[in-house]
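Consider the two complexes below, in which subunit A is the common component and subunit B and subunit C are the respective partners.
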Partner chain A sequence: MKYPLSWRLLDGLEAAAAVLWPARLRRLTAWGLLAPALVLVGVLVIGLGYMLEYSLHELDLATYRLTEAYSLTNYQTILDRPVYARVLGRTLLGAVLVTAIAVALAFPYAYALVRTRSAALRKALLVALFLPFFIGQVVRAYGWLIVLGREGLVNSALAGMGLPTVDLLFTYPAVIFGLVQYMLPFAILLLVPALAAIPEDMELASESLGARWISTFRHVVIPMAKPGLIGASVVVFTLTLTDFAMPEILGGGTSDFIASAIYDSFFQISNPGLGAALSMVLVTLGSLIVAGVFLVAGTGTLGVRGAK
Partner chain B sequence: MTITDFAGRRTFLKLGAAGAGALAMPGILRAQDKPSEIIVRAWGGAWGDALKEGVADPFTAATGIPVRLDFTEDNEIKPKIWAAVDQGRIPPIHVNWDTTTNATISALRGVTVDLSDLSNLDGLLPLAKPTGLDGYPLVNTYAYVYVCAYRPEAFPDGAPDSWTVMLDPKFKGRVALYDDGIGFNPIAVIAGGGTFEDIPGNMEPGYEFYRKLKENAPLLGEDADFTTWFQNGEIDLACTISVNARAARQSGIDVEWTVPKEGCKVDTDGLWVPRGLPANEEHWAREFVNFALSREAQEKWCSLLGLPPVYPGIAPPADLVGDPSYPTKPEDFARLVSVPSPVLVENQPIWFAKFNEIFQG
Partner chain C sequence: MRGSLGKRLVIWGLVWVSLVTLSLPTLIVIGASFTAGEIIRFPPEGFSLRWYGELWQLDSFRAALARTFQVSLICTAVSLPVGTLAAIATVRYRIRFRNAVQVYLLLPFTIPLVVSGLSMMILFGEIRILGQLWPVGVALCIINLPFMIWSVAASVNAIDPEIENAAMNCGAPPLQTFLTVTLPAVMPGVITGGLLMFILAFNEFLVSLFLTDSRTVTLPVQIYNSIRSVITPDLAAVSVLYIAIALIAVVLLDRLVGLEIFLRSK
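== the complex of A and B ==
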């Protein structure tokens, strides 16, 4: 009996795989597949180890090298200078605001994308969603400089209507605005799969049982969309917490986030010890907050099977 | 009979020297093998254009070695070079065009090559010699001034005569400084009621000036930001290097500059060669620096920048004759504020921390 070519090819591939990866190794397959990710995480952990090590050495201004002796001077400096607490507070507040606004704006967009019956509208929403990914963050920030500038689009329109111009740039709200615009597509992308996983029949069943739209939304859609909401919030929050470009460009130099302070320590004043200590504070704080979210919401909210 | 009896002592010594030279020749020749290119870290915009036209292109014409300008931020190339030297790797660039303060820090760290034997160092102005360091771990190439640049439209009564104009509520949100206070820290002390003698021991008048200035919501940025802000009408006044103001004016932006009564900070930039380069690349990197100090290169380069070179006797460009931002005579320098590099190196991190504390608070 003559088998089709594709079958023979597959048989050949299977035989080759059996030689390269014998049956006795099959129980290690999962680990093999995980290996690249584990290596990447391992490299990250090693890098963090180095950062921790650097953070425990003070800068010697006579040689611009870190001293040999271990000390907590850099952490003490962070505690002693109130500016770091203020910048960290501004960063945290920014991350919370951006997360809340971006997720709130992303939800109706994602819902419309999933539920619309119009193929044209879905395509338009998808194009609008992916288009920003082709434009880098820095370019987008510069775009806002043009749009929101003193002689930009918005102020030109205001002047055209006989209204006074306003200073929209180089303020904290301008930074938040830029970050929301940057984070919105991430939030939508993370919400879409969660909303798509909610059977439309559930909403119809709720409404057929007499629930108003708002009740259905509150008691059916929102709880079932929780994995997407948590995932989107965590991703947007952590990305905002570490963002550098938007505060730098739209903040006018006086609304820096903690990433700018880290950059300044490493590059502006050539103090890698202090930069590393600030990095460790940021990583620890971010990790604690995300861990807290998972502790309260449970990793099961992300749809992880078997998790609480 | 000895060989000296046979050939004479002098002849023997000559032959010996010639023989040693012949034996060493392959090494010397190897050291002079031309590299495929020389990479020079540079600032972009008008700065990079001037270096290309004034030094890089003529160097290539003279030696046949292409010069590539690397526009990595000066503060970002520094740790890369330091790491390369520490780890025994070849540094990413051949020549670093750097601020004297940053270059001094690299020299203190021991990553720079001594340039004392460059032939073109002879006869340069004393400004070329770095202060507080042995030899020439870097060589200063010109002086520059952090001027008070302004939009004439915003000053109908003429140029501002004092830096305190920055505190005028009329200019709220329309004043700009460098985001690390560079170029203004000593001036802030004087504008804040202190004296030059207060620096660095008592910077409080300067910090007080900054606290008042903060109420006026200044913008903090880099060279490129100032041009954009002037171009977009975002600011009326800035403390920036005269090169940026001149480049903005040359590109059609309505900007003038002045030296107010408190003075302006004058500083220098320099060139240095990192350690750890292969011998032939180091040789040609040094040749590049030497070429940059020649009369031909200094005249062209500094004229394009609009800055006074370290090569003596070069006339200023026509548009800068008599300009206070182009000091040539001792009385010109007397109007400017010069803080020695060692003082800057030691205190810059402290001033930066305080500057940050005030403006980020």
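== the complex of A and C ==
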């Protein structure tokens, strides 16, 4: 009897697999599948090890190299210089503002996306959401430069109405605005699954019991969407906390975030030890805040389900 | 959407604010790229394709574009098998230290990009591979790997484990079960993840900024460097290229898996 070629090929592969990965290794299959990913992430972990090591060495100003001896001088420097406290405060405030505005705007968008009856409208909302999501930060920041610039769209419109022009670019609000625009798709995409899980009957029940729509939102929809709100807030907050491009491009040096301070330590003042210490502070701060939120409010939609 | 007029006014009003915020930079960039003038101003001076022509004449642009494609392809090619296998392993198999493994695999997402980029810059410098192009592709794969794993894991979660048992019951050996049952079932996740990895790598700028030099600079880094000097309309033409690629990706995603897949509840 003649078998098709594809069968024989598959049998060959199967035999090869049985030799390479015999049945007694079956218990380790999961680790075999995970191995490449573990190795790749390992590259990052080794790099972080170097970073930690760098942060424990002071810069020798005579040779401009890191000294051999271990010390906590770099961390002391961060505490001593008020400029780092200011940058940290600006970054945290920015992250809080961007999270609040982005989630507040994302909520109605996600709600409309889930509840609209019109398939065409839903598609349009989805495309308007994914198109900017697939365009990188630099290109989007460039768009805002054209909109907010001295001869940009807003100022031209103001001049056209006979009003004085304003300096919008290179200000803190410009950075916040750019970041909100960047984070909005993330927030919407993380809110949608939580809102989709709320049966519309729930809202109907609330309204048939006499609740106005605002009360229904406050007491039914928002509490039920909590996992999504947590997920969206955590992701937007951490991404904003560590952002580099928007504060650099739209802030123009006036509103540096921590990432800019790290960059400057490495490339402007050539003190990798200090930059590494700032990096460790940023990693620790971000992790602590996320862990705190998870402890208080649960992991929301970010929790990963696994085999039971 | 049902409900009172007031509710619809408030919701759709806020949706419009979001729509304008999301779309304005894109639309403005497209408009600005067709100007005939030397600088970008409003209203634009005339209509022309001259900036697209000048862009195409620029060797540095063409080289950077080719490098960006190369880096994105390396990133996608590495992450497809690695991410797919890891996602299947974490969802389908009982593994010891599951939580630790998951936290570890999420590290690229939880570690700030600026820190990841500098860490790998230091490491690649130590092992003397800094200045080559392939490590950039691998680095972009590492930092975006959680997105690949997420996409596939969502698909793995959605399939019924009984169909794999059924295949084995019918006598299919493990590899055949994997190739003919498991893999086709998780394909939507693999496609979404692959597209996402390509797009993220094609747009990635911060990690690339640390890992490239003037000979290996990729397009997003080059745009960033140009933005900081003078804003000329040729940058708008480059940006339109990015918008076009994003549009292609959205259409592909819609055709292959459907954008509505993201509206599933969890």
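The rule is simple: the second predicted complex is superposed on the first by the 252 of 308 C-alpha atoms of A that agree within 3 Å, B and C clash if a C-alpha of one lies under 4 Å from a C-alpha of the other, contacts with A are read in each partner's own complex, and residues count from 1 in each chain.
The definition used in the following text is that a residue touches a chain if its C-beta (ideal position, glycine included) is under 8 Å from a C-beta of that chain, and two chains touch if they have at least 3 such contacts.
Every value quoted in this text rests on a predicted model; they were computed, and no experiment measured them.
Enquirer: Between subunit B (first) and subunit C (second), which does A:117 come into contact with in this model arrangement: first, second, both, or neither?
Expert: In the superposition, A:117 contacts subunit C only.
Enquirer: After lining up the shared chain so the two structures overlap, which partner does A:65 touch, if you call subunit B first and subunit C second: first, second, both or neither?
Expert: In the superposition, A:65 touches subunit B alone.
Enquirer: Which partner does A:151 reach: the first (subunit B), the second (subunit C), both, or neither?
Expert: The answer is both, since A:151 touches subunit B and subunit C.
Enquirer: Does subunit A have more residues touched by subunit B or by subunit C?
Expert: C
Enquirer: May I ask you to decide whether A:185 touches subunit B, subunit C, both, or neither, giving the answer as first, second, both or neither?
Expert: Once the two structures are laid over each other on A, A:185 reaches subunit C alone.
Enquirer: Looking at A:79 after the superposition, I want to know if it touches subunit B, subunit C, both of them or none. Which is it: first, second, both, neither?
Expert: Neither partner.
Enquirer: Between subunit B (first) and subunit C (second), which, if any, makes contact with A:266: first, second, both or neither?
Expert: Touch status of A:266: both partners.
Enquirer: In the overlay, answer first, second, both or neither for which of subunit B and subunit C A:291 touches.
Expert: neither
Enquirer: Going by the contact definition given at the top, which residues of subunit A touch subunit B in one complex and subunit C in the other?
Expert: 145, 149, 151-152, 266, 272
Enquirer: In the complex, go through subunit A and note every residue touching subunit B.
Expert: 61-65, 81-83, 86-87, 145, 149-152, 167, 169-170, 252-254, 256, 261, 264, 266-272
Enquirer: Which part of subunit B faces subunit A closely enough to touch in the complex?
Expert: 73, 75-76, 78-79, 105-106, 108-110, 173, 179-180, 217-221, 228, 232-234, 345-346, 348-349, 352-353, 356-357, 359-361
Enquirer: Residues of subunit A touching subunit C in their complex?
Expert: These residues of subunit A touch subunit C: 10, 13-14, 17-18, 29-31, 33-34, 36-38, 40-41, 43-48, 50-51, 54, 105-106, 108-109, 111-117, 122-123, 125-132, 134-147, 149, 151-153, 156-157, 180-181, 184-185, 188-189, 192-194, 196-197, 200, 207, 212-214, 238, 241-242, 244-245, 249, 259, 262-263, 266, 272, 275-276, 279, 282-283, 286-287, 290, 301, 304-307.
Enquirer: Show me the residue ranges of subunit C that touch subunit A in the complex, using the header's touch definition.
Expert: 1-4, 6-7, 10-12, 14-15, 17-19, 21-26, 28-29, 32, 39-43, 78, 81-83, 85-86, 88-95, 98, 101-102, 104-105, 107-108, 110-116, 118-120, 122-123, 126, 138-139, 141-143, 145, 149, 153, 157, 173-176, 179, 199, 202-206, 220, 223-224, 227-228, 231, 235-236, 239, 242-243, 245-247, 249-250, 253-254, 259-260, 262-266
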